Each structure stands twice: as structure tokens, then as C-alpha cells.
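For clarity, chains are labelled A, B and C in written order, and residue numbers in each chain start from 1.
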């Protein structure tokens, strides 16, 4: 793409079966931006439906976008697209990781890496700018992710960035990750690399990423963002009352306050009061460890950390000497569910310290094995199976007796050492916990109560759990949780809902952004579905997909709000379009860029239709388990204090969302008209040939 | 007024002190100014404060009347809301502090109030003191709208039923204290 | 601009070899406190007049550095109008995963994100007697009038890389895209790296703060 900047211009193609390595121009994919867009376009074009994830015919795409590596804030995400082993129909999906991998890929000169085929023996992919080779991985195979990373850096140079699988991926565990830099993991695709005998990708890049903008404009835009940025999840009020702030919210991730320290740092580092205009303190605002690991973790916190280019630093890096007695390093870093997964596995702990050790030890073990937990679901599956006596039935007696259930019943961290090894190495029947919820439920014959118990937190009959669903603005979150083929990694709506501002301001801003105050309800006091909510849901999905294509962090953007009283707490939702225009030189408006997002989201939907072999997305795909409608039996939907939903109302909600997106209002499948509108005539033709376009009157 | 100090010098001295204190999160009670070495009588200080209040040059300097004193702050670095809260802390008017916080939380966000907020910065109330004050308040007529609600993990929250229904408070408390944290 | 004067010629005629002990003495040096041990870097001040001091030097505190690397792309935004960490004059990314030494068998206890989380960023020391200037065959490195920063004249530079080899801190880098060397310019007096650091880990320390100590040290040396 000689006239555009931002993009590196080349996509690396690696055929593991033949060993051939080639490049193609990114230009043909520019309407799909990058990241998820490139991933879906390639999967649509090149991987036929009825392919299984571990088949040689499956491909896996690691992609970045034009913003990646530019140094714009929060632009180091890597989007990985392939089929999903943990989805019972092997539908297409993404995994995502932060860190420093995709910027390095851009600096090496590539917008994406497409892997196909299967190597005859374990290999790793070595990329040093234009020098790309497949290396023998026989020594690396069998190692955990940490050692693999160190070994590759030892061979390539300390500056190498590495994405690797651990034993879980090698053993093709469905719930396995691809991990980079020690603590940034992409969930669900590790086994695909394993099935291809690809152990890792190591990259060293010495080139630049260029932007079209004059440097003065570029620097000014970056500085503007620094002036309106909040804390993690774009929470814009502090968690305690502070002199500079009108509002506060104890749930806010702007946790910096007097008396809160990075307690294990080598100097005294107090997070303190961080007024928004002090841009040299942005990195202290989110002291996340106390959220991830409890207040006990303050004394263990060395510092915060995270992705390249991001000022927020949402990864909690802690030093826990006790971990060494379990045979792992005392230094562990992760964030959010990366720690909470292990609370879900070992819920019977007695003390806060035990919970802390479970979370930190669990993260350390899982991050090295490369285990994924389906957003906490694996732990709940274990609990269900244990509490209902199912494990005693399905496990052979010898295996059952070999597992240290006494440790499980005490929530002893040592239990994780045993369990995670079994899952990573597929040892025994218990290791099927790593299959994914739907497959597991079928294999172990879980009853209806498994799906319909609120505490089990499942959302979809396809086996993925709640992730900012009905608890996040009722219909809006619910709709968002329907569209993908796994739990949605969508925080567009959640960020805004958690901003910390009073409802009056929230409603005003909602009206400005989605057309009406009705787009948001007072939390836990929902109202029936309306058009504005459909617009909010559509916008959230479109932005999420856009971010995964650009690549930009959906935990920070879109910046609907800001911490600035002088801006009346308004943020700026045009930032993505401004960055896209400045980076590439392709001038797009906010609306035009959103349309590109809608294109990519629609392609995702079309691929899902193709794979499922039906247009009836509403009934076959977009389904919700019963507890969501049956919980709180003494209350009605829309009563104050309940988040139960109404079935008819949700069907109406689906119709409205489909309409907003230009999908068939009846079935929720992309229409021929919309596919034409979005420039996907070839997709339309293929669907038409397969009889997979919805009937249009 | 001392011969050596002009009016402007005095006003600058006072406002500088207030601005410094505000930037550190502290409000200034007028008696504090009177205890400073300003070489002014108490009446003269009152007079200077009135000038600061009205003079455009010092339009960041704001005066707040508490129940027992007058408090001065600079809104360059401190919001009125924060200053109001600190005035109550100064006057040890814990019941009003808690009540006003709970009522505002229930009304404008809306959310129930996690009592832990009073144990941290900038309040630092002791457990015993806080629990005693709360127990007293819920019995008193003036605070009859202030009610307790407990999450499933035992955490205590307060809400004002003048602004929030009980059912809503129960649901929200559970959401904020338990459910929301489990879906990180 | 003092590119050529008698004293300079005398200095440059001396053979100056890379001093390993200097490199080691700075290894892992922490933040703002500029002590005598750091001043030992500038031992050449005892031997020669050297050059006019820079207004200050940029130093990274490895306790506060969280590895975001915004400094790198801020540096190249200001100086080069692109995002190019490889040539950034503040280098963090290369030490991010495994520290300055790179991975050892005991990497889990070494520096870096896969170790004990210490991130060591390298910056230009604006040496009083710069080895880069000494090594340059084209006299392409000179002292900026305004800031005292030792900067590269792009017109004279031929990209031979001798400055990169000579520097004990591996700061100058030949830009493969322009074939010119790059080094810290102090961004005309307001270092972009320091201005944009989200944790204030990067500080631009004015020489006035170290000047006194330098003078005292000179006295000590003279009196001995």
C-alpha cells in the first residue's frame, strides 16, 4: 500500500506442511482494516465449513492493524482468529492478547502472520525482519511457556518477543492459550498451534511504523488523549473522595489514594492523589492488585505493568515468596480473570491468604502450562461435578482416589498443582474439564440444573458463561453476549456503565451518544427494551470489533466519558477515526469507520451462518439459558432489585438489534442487501449458492 | 495593618496559604488564619476574607459556612463537594457526614453506600466509632431514612429510603459488593 | 559550537579505549540520586578539558518504570516523525523481557518482566568526554549550543556505526532506514521521554544539580 501509512504492507504466509514461506500485500484487505478483519476475511476465503479446529486444513491468523506499533495509546493488542475447539460446533472465533508481540510483528514488517498446514515435526517460527525460517523445536517441545520464551530469546536475542504454547496447547487441550511476555494470554487457540506442531513464534523487528500525519498533529492527538484518559476501563472518578473530584465510586478502578502503595517496590511508591491534569501519574491511577487479589496484596505488589504504548498499566505484578515452596517462581503477573479463574477452581479456602495464594499460584501454573478457563467456567464445572457426586460416577475409582480431594475441600493451593497438571497433560478422565462446558456437560451427562442454576453462571447453550450480560444494563449486555461464538471480550458498554458518574450525567451523555436517555437504565432497575438500547448494543459490538481490527484496547476505548469537570465529563468518541485517519492517511469520519466495523462484524455473522448451515441465528445460535429468565422467582422482570429478563422482551430486543445491524429482523442472518451495501458481494453469492440468505419479502 | 505590608501583600499571603493547603487536600478554618503571624487583628482578618470572596483576582477562593466555623478553600485544586465533606470532618459532625453521603449516593448515582468508605482516606474512622455512630443514627428521628443493608458476604451498606426502594437497595448491594467483583 | 579547537584535537588524539569498568559501574543504577559513584563515569574530566557540559541528563528509575515504552515512540515521534523503538535514544524494549543481560538459566530471578519485574532503561549520559565524538571519523557529532546535548549532524554522518560501537551504554543506533546514526538530542531542552512518562520514572536532571558535586570532586583530585 504505497500511498497509505500505518500498515506495514505485507502479510506473512507460512505453510507448515510444505515449509513454504511467502508474503502477500495487505492492500487487498484494507477494507477489513487488520486484526480481526483480516482474520475473518482469510478464514472465510480459505477455510471451508465443516473443517475441524485440529484438522490440517484449519488456519490460524495472528493479526495487527494500522495503529499497532505506532505508539498511539493502547495499541499493542494481537488478534488471533481460527476455529474454536471449545465451541461444540467448532465455530469461528478470536482470542486476543496484549503485551508487546504485535508491535514487534509490525516492526519486523508484517501486518499479519497466516499459519496453515501441519509441520511433520515440532517447529518454531523465527522472524527477524525479512529473514523468516522454520526452526527445529524438538528441544522446546514439552517445555512450559516461560522456558520456551527464555530459550528463544537466548537464540534470537534478549529483545525478541515470543508467542508460545505450553504443554496444554501441545496436547491439544481445547481450553488452552497462546501466551506472550509471561502474562498476556489469548484463550482458546493453543491447541491449534499444538495440532500443527508449531511451538512458538519469535520475532525481532528493527523497522519503523510510519504514520501519515505531520508529527506535530500526531503528538498533539496523543497529548489530547492523555488529557482526557481515565483509569482502567476508562473509569473517570477516583474510588475514594479526593480533593480534585466531584464524584467518587468504590467500584472504580481509579484506586490510587493516600496510603495505598506498591508495597513491595524497592523504594516507597505511593499511588496517592492523581489529579487528571498530572499526566506523569496516569500509571499510578489503577492500582489493580487490590481488585484482583484483595487488600492483602498491597504488600506484595512490586509494580503495575502491561502492554506496549499503554499508560494505564492494568497488570498486577506481585512477588509472593510462598510460591517457591510449590516449585514455581515467586514473581507472577496477570490481571482480572487471569487471577480470578483460580478462585473459581478452589472456592473452599478458609482464609484470605489462601485465596490469595490460590489466585497467584494458579496464575503461575496456568500461564506456564498455557491453560485457559473459559472465563472462570472451568472452576464452576468442577464444583458442579464434585458437589453433585458426578465425579465419583465418571472417574474410574483408581483415578478418583488418586486425586487429593481433601485438599480441594480445604481450598488448599496444592490442589491446583495436581489438577492443572492433569488437565494440561490430558491425564485421565478429570482432564476433560479442559474440553469446554458444552462438551463436558454432554460427556458427563450433566442435568438441566447445570444449565439453569444461576450460580453456575452459564449464558449460552453453546457453553460459554456470562461476561457483562444481563447484569450490564439488561438487554444491552444480554444482546452483546449473544453475537460471538465464545464469551464476548467486549467492554465498550461495560466501561461506560462503570464510569462512576451519577446517573443524570450518564443519561445525558447516553442521549448524546445513542440518541436517547433511554439507552441506559439505573443499575438493577431495568426497563423494557427500546430503540436506544439497540443502538447502544450495536455501537458496543461495532466498536469492539473495530478495536480488535485496528488494533486498539477495548478496555480503554471508546472514551465516552472523561474525568474533566471542565469538559462536563465528556470524552471523545471520534478518537478512533482520528487515529485511523492520522495513521493511514485515509481520512474517515467516525461514522465511516463504524461502518467498516459493521462490515467485519457482519462477516463474522456470515461465517457463523455458513458454519452452522442455517440462517436461523435467532433460535439456533442466539439463545440464553433459562435461569436468566427464571431467577428471583418472587420478582417480575423490570422490578427494582432484580436483573431477571423477560423472554418476549428479549426476542424483541434481538429483533431491534438485528434491524440496527442490517441483519434479517426475523432470523438475525445477514441479508443480501446488507452484504451488498458493505461491499461483500462475494460473500452474498456464496451464501446464496448454499441457500443461506434469509428470505426477504 | 503593619506599615510594611500593603493590602495586596496581605491578600497574596493569605490566598497563597489557602491555595497551598487546598492542593494538599486541606481546608482552612478562619481561626487558623487568626493564629498565623499576619500582624492583623481578628476583625481585620475577617475583613480581608470578605475581600478575597468578592475580588475577581481571587475568584478561586471560596468560603463555606459550617455549623461551627467558616472554612476557606481554593477551587483550583479542590471541589466544593470535597470541602463540604472536610468541613464536617473538622467539626467531627460524623452523623451529618454519613447521612449526607448516604443520601447523595442513593439519590444521584444511585447506589448504596459501602461503609468501608468512611474507614479510608480522607475520613479514617475507627471501626468502633463508625459502628457506634451508625447504630445511633438508625434509631434517630432525623436519620430515619438511613437504613442498613447487608450483602451475602456480610458487608454492611447503608441507603436512604427517601431516594431508593428497599428491594433496589438489596439488589444493588449484592451487585456492587459480590456479583460485580466476580465478573472482573 | 565547539567542533574544532585546540583542546579537542588534543583529546581526540589520545587513544581512548572502551572502559568496561565504567559500563559495569553504571549497571543497574537506580534513579534520581546522582552520587559520586555515578560521577565516576566522567573520569575523563580529570584528564582533559572535554566539552561543555550538557544542560542535564535523562535518567530512568527502574523501580518506577513499568515497561510501557511510551518513551521510545515519543522520542522517535519528536525526533524522527515515526514510531521506531529500534532507534529510540531511550532504550527499554530490548531489556523488557530479560533485563540487560538477557535470559540466563536463572532468568526467573533476573531483571525483566519474566524475572523480578525490574525494567532497566538505557539513556544517553551526555558524557563530558564522549566516546561517540571521539570515535566519529566525520566529526559529525557536536555539542548543541542551546542544550549542550551531543547531537549528530545528519549531513556529515555516513552511518559507519563507530559511535554505536564506542558508546559504553549502546545508545546510538544507525537507523537502517536512513543510514544515519541517531542519538539523544534532549529534544531541544524538553525531553519527550520524560514529559510523557506515565509514572514519572524518567527524569531530566539538570547539571546544576550535579555541577556542585563535580566541582568538589575536581578539588579532591587536585589536592591529591
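Following the convention adopted for this analysis, a residue touches a chain if its C-beta (ideal position, glycine included) is under 8 Å from a C-beta of that chain, and two chains touch if they have at least 3 such contacts.
Note that the structure is a prediction, hence the values are computed from the model and not measured.
Among the chain pairings, A-C comes first (most C-beta pairs in contact). The chain with its Cα centroid farthest from the Cα centroid of chain C is B. With centres defined as mean CA coordinates, chain C is found 39 Å away from chain A. Between the Cα centres of chain B and chain C there is a gap of 49 Å.
Within chain A, no positions touching two or more other chains are listed. For chain C, the set of residues that touch two or more other chains is empty. Among the residues of chain B, none is in touch with two or more other chains.
Interface of chain C with chain A (complex): residues 30-31, 61, 63-64, 66-70, 72-74, 76-78, 80-87, 93-103, 107-109, 113-117, 176-177, 196-200. Interface residues of chain A facing chain C in the complex, by the touch rule stated above, are 69-71, 73, 100, 103, 107, 146, 149-151, 153-154, 157-162, 181-183, 205-211, 214-215, 218-219, 222, 226, 265-267, 269, 279-284, 302-313, 317, 319, 329, 331, 333. Across the complex, chain B meets chain A through its residues 22-23, 25, 77-79, 81-82, 85, 108-111, 114, 116-117, 120-122, 165, 167-172, 175-176, 179-184. Chain A makes touch with chain B in their complex at residues 240-251, 257-259, 273, 275, 291-292, 336-337, 340, 376, 466-468, 471, 502-504, 522-525, 565, 635, 639-643.
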